[in-house]
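Following this line, the structures themselves.
There are two complexes below, and they share chain A, which is joined by chain B in the first and by chain C in the second.
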Partner chain A sequence: MAIRSLKTGSFSRSLLVGNSFYDPYAYKSIATVSVGSGGSSSVEFTSIPSTYTHLQVRGFHKNSAGAGSEYVAVAQFNGDTAANYSYHYLRGNGSSASSGASLTDAYVLAGYQNSSATSQMGFGGFVLDILDYTNTNKYKTVRSIAGADVNGSGIIDFYSGTWRSTSAITSIKFYYTASNFVQYSRFALYGIRSA
Partner chain B sequence: MSSFYKIASYTVPSVEVTSYTFSNIPQTYTDLCVIWSGRGSRASFYSDNGIKINGNLTANSLNYQAHRYYNGSPAAYSGTDGQYPSGYDNGGTSYQYQFSNVRYYFFNYTSSDYKTVLVETTCEQDSATAIFNLNEASMLKNTAPITSLVAFGSTNNYTLRQNSVITLYGIKDS
Partner chain C sequence: MAAGTTYERIATTTLSSNTSSVSFTSISGSYTDLVLVFAYKSNTTNYPTLKLTFNGSSTGYSGTQLSGNGSSAASYRNTSAGFISIARAVGTPSTVGGTATIIVNLIDYSNTTTYKTVLARASAAETGTEIDVGLWQSTSAINQIDITTATTNDFASGSVITLYGIASA
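Let's turn to the complex of A and B:
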């Protein structure tokens, strides 16, 4: 069936009838990685499109080291393994607050996790925001809220971090420094537009 | 499932500004969110930022609870004399490429109730002490719907540096 444009009078087989596609949503899923039955030493998003303004990653993860093992998933950009990163954290454990920092490191912090003997428990969650990731006039600054509760004990963390590079971010790698992600760990990358 | 729409965005040009106003905000969303990547003109390593609601800058119009990581130490604090929800940008001259990472979230902004605002701020750089991270929950003691937001670099007229990006989003619940 042909559609007629009221603006130009032309006919088209597309509902767009000559108009360019318009997507009103500013928040879009780019990719999701779910770790399979064998586990994985890392999860990486590559070839990240440069068409968004900001990025957000929502992580749900658990390490393979067994009950009581605590790890923080870390993030590394564009394969840069040099000490070009810094981070700070603010932590609460239910009774006290603490803080800490690393000024020359190979990654930023993304999300805390504490494994449990019970398979259903021990997954940590985080929401990590990276602003203006393609702007070559800026270092890349991240903010993450993260935590896990293991049936009454746990941690809530607030992280800041910087990758001291003005390069546009095209890839992000998540990993533990001394453990692997178990099955059902999941990482979802979203793009947020401002244009 | 909610949907996330861009309402307006502003990038600070080479001529720096003290503020930018989002006016005539549509009343068709459930919540508002401002995402802010900023740098300010204050000489210190951090530079204040804030958002005036409906142009209001009245003392004692805002109560807040906060915890922060500042000067190498964590702390919790609160106030009952606020004027506007506030965060922090990077400042000073040593780190020209260092910009903040800030999110303001305004809940139920069209309601006739007091307004709840959450602020998450990171002002990061490679220093043990010269960083400022802040989480703040505020209650604006005003029942008027939010129709305008003024993003500004503090009441001390600090300017917002070039390449700062401030974007207003509307979130619509289904």
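Let's turn to the complex of A and C:
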């Protein structure tokens, strides 16, 4: 069956009738990593396409060090382990607010987590935005809202971070500085398009 | 869920009269995360606080909040509570009808292995901003969300609450 383009009046056997492919979805899932039994020392997204404007990672994670241990999952880009990162944080611990920074570090902060003796409890959540990640004219900026509550203790954090590189981000690695991710930890990477 | 859609609107409630509660029921488990977006007009000048509960349960909640009002920052905690408190300290609108924007992320809401974690951020340009983390000690998949105002009928007419689902690869 021939399809007629209302725009040009031409006919085609393709629904595209001469138009380029159109993908209407502005927020797309790129990849998801779920940590299996045995845990994992890190989670990494590689070969990230450059077709989006921003990236978002939604994380749900817990460390393997046991009850009372607390860690922040950190992020590195493109395998850069040098001190090319900086970050600031704003923190609430249930009784007071605090703020801190590291201006020369090997990572940015992604998500706080506070383990519990209860296996089901202590998973922290975070939503990390990586802005203009393919731009090769400026350093990269990230922000994250993150926290974990274990009924009586917990932290809510807000982070900003910079990777001092003009390279487009093609890979992201998450890890704890001294622990592993337990089973049921999950990291989902999304791409956000602009008009 | 529509084929190809990652971030999908599930339902929207637009209030035509003042009310104390809004519910989303029969929520599909086919997404990875849920996101609630509020344009919350307050019907009073009391502290606009929302109480979040799931699946009709009134036990097993706790949370930690951090807020700033333009001159100082503070943090609060709820333990062994009957609800998750959202935007407790964003502030007091000077007039009825003050609007706050609130975004609530329900992470991995349908997993049946872990307790549920909620992240929220709230802002009201007139009064302040707040971020929250909440816990529901249940391994049940969340299939119902009830939002109740701390002050009777504090959801003012014109408030809009939308529930989105996010799928993953």
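Just so we're on the same page, the second predicted complex is superposed on the first by the 174 of 195 C-alpha atoms of A that agree within 3 Å, B and C clash if a C-alpha of one lies under 4 Å from a C-alpha of the other, contacts with A are read in each partner's own complex, and residues count from 1 in each chain.
Criterion: a contact is a pair of C-beta atoms (placed from the backbone, for glycine too) under 8 Å apart; a residue touches a chain by one contact, two chains touch by 3 or more.
This is a predicted model, so every value here is computed, not measured.
*Asks:* With the two complexes overlaid on their shared chain, look at chain A and say whether chain B and chain C clash or fit.
*Replies:* Taken together on chain A, chain C would clash with chain B, as the superposition shows.
*Asks:* Once the shared chain is lined up, is A:S171 touching chain B (first), chain C (second), both, or neither of them?
*Replies:* After superposition on chain A, A:S171 lies in contact with neither partner.
*Asks:* Just checking: does A:G152 make contact with chain B only, chain C only, both, or neither of them? Give me first, second, both or neither.
*Replies:* In the superposed model, A:G152 contacts chain C only, not chain B.
*Asks:* On the A-aligned overlay, A:G125 touches which partner chain: chain B = first, chain C = second, or both, or neither?
*Replies:* second
*Asks:* Which partner does A:Y25 reach: the first (chain B), the second (chain C), both, or neither?
*Replies:* both
*Asks:* So, does A:F60 touch the first partner chain B, the second partner chain C, both, or neither?
*Replies:* Touch status of A:F60: second partner only.
*Asks:* Go through the superposed model and pick first if A:L90 touches only chain B, second if only chain C, both, or neither.
*Replies:* Once the two structures are laid over each other on A, A:L90 reaches both partners.
*Asks:* Name the contact category of A:S194: first (chain B only), second (chain C only), both, or neither.
*Replies:* First partner only, chain B.
*Asks:* Check each of 2-10, 56-64, 74-82 or 146-154 in chain C against chain B and return the one that clashes.
*Replies:* Of the candidate stretches of chain C, chain B runs into 2-10.
*Asks:* Which positions of chain A sit in both the chain B and the chain C interface?
*Replies:* 25-27, 90-91, 97, 145, 158
*Asks:* Give the list of chain B residues in touch with chain A in this complex.
*Replies:* Touch list, chain B to chain A: 3-6, 9, 35-37, 67-69, 72-76, 95, 97-103, 120, 122-128, 131, 133, 135, 162-163, 165, 167, 169.
*Asks:* Okay, in this complex, where on chain A does chain C touch?
*Replies:* Residues of chain A touching chain C: 25-32, 58-60, 90-97, 118, 120-121, 123-127, 145-152, 154-156, 158, 184, 186, 188, 190.
*Asks:* Using the touch rule from the top, collect the residues of chain C that touch chain A in their complex.
*Replies:* That would be residues 4-7, 32-33, 62-68, 73-77, 79-80, 105, 107-108, 111, 113-115, 117-119, 121, 131-135, 137, 139, 166-169 of chain C.
*Asks:* Help me check something: in the complex, which residues belonging to chain A touch chain B?
*Replies:* Touching chain B: residues 24-27, 53-54, 86-91, 97-99, 101, 103-104, 129-132, 135, 137-139, 141-143, 145, 158-162, 164, 166, 192-195 of chain A.
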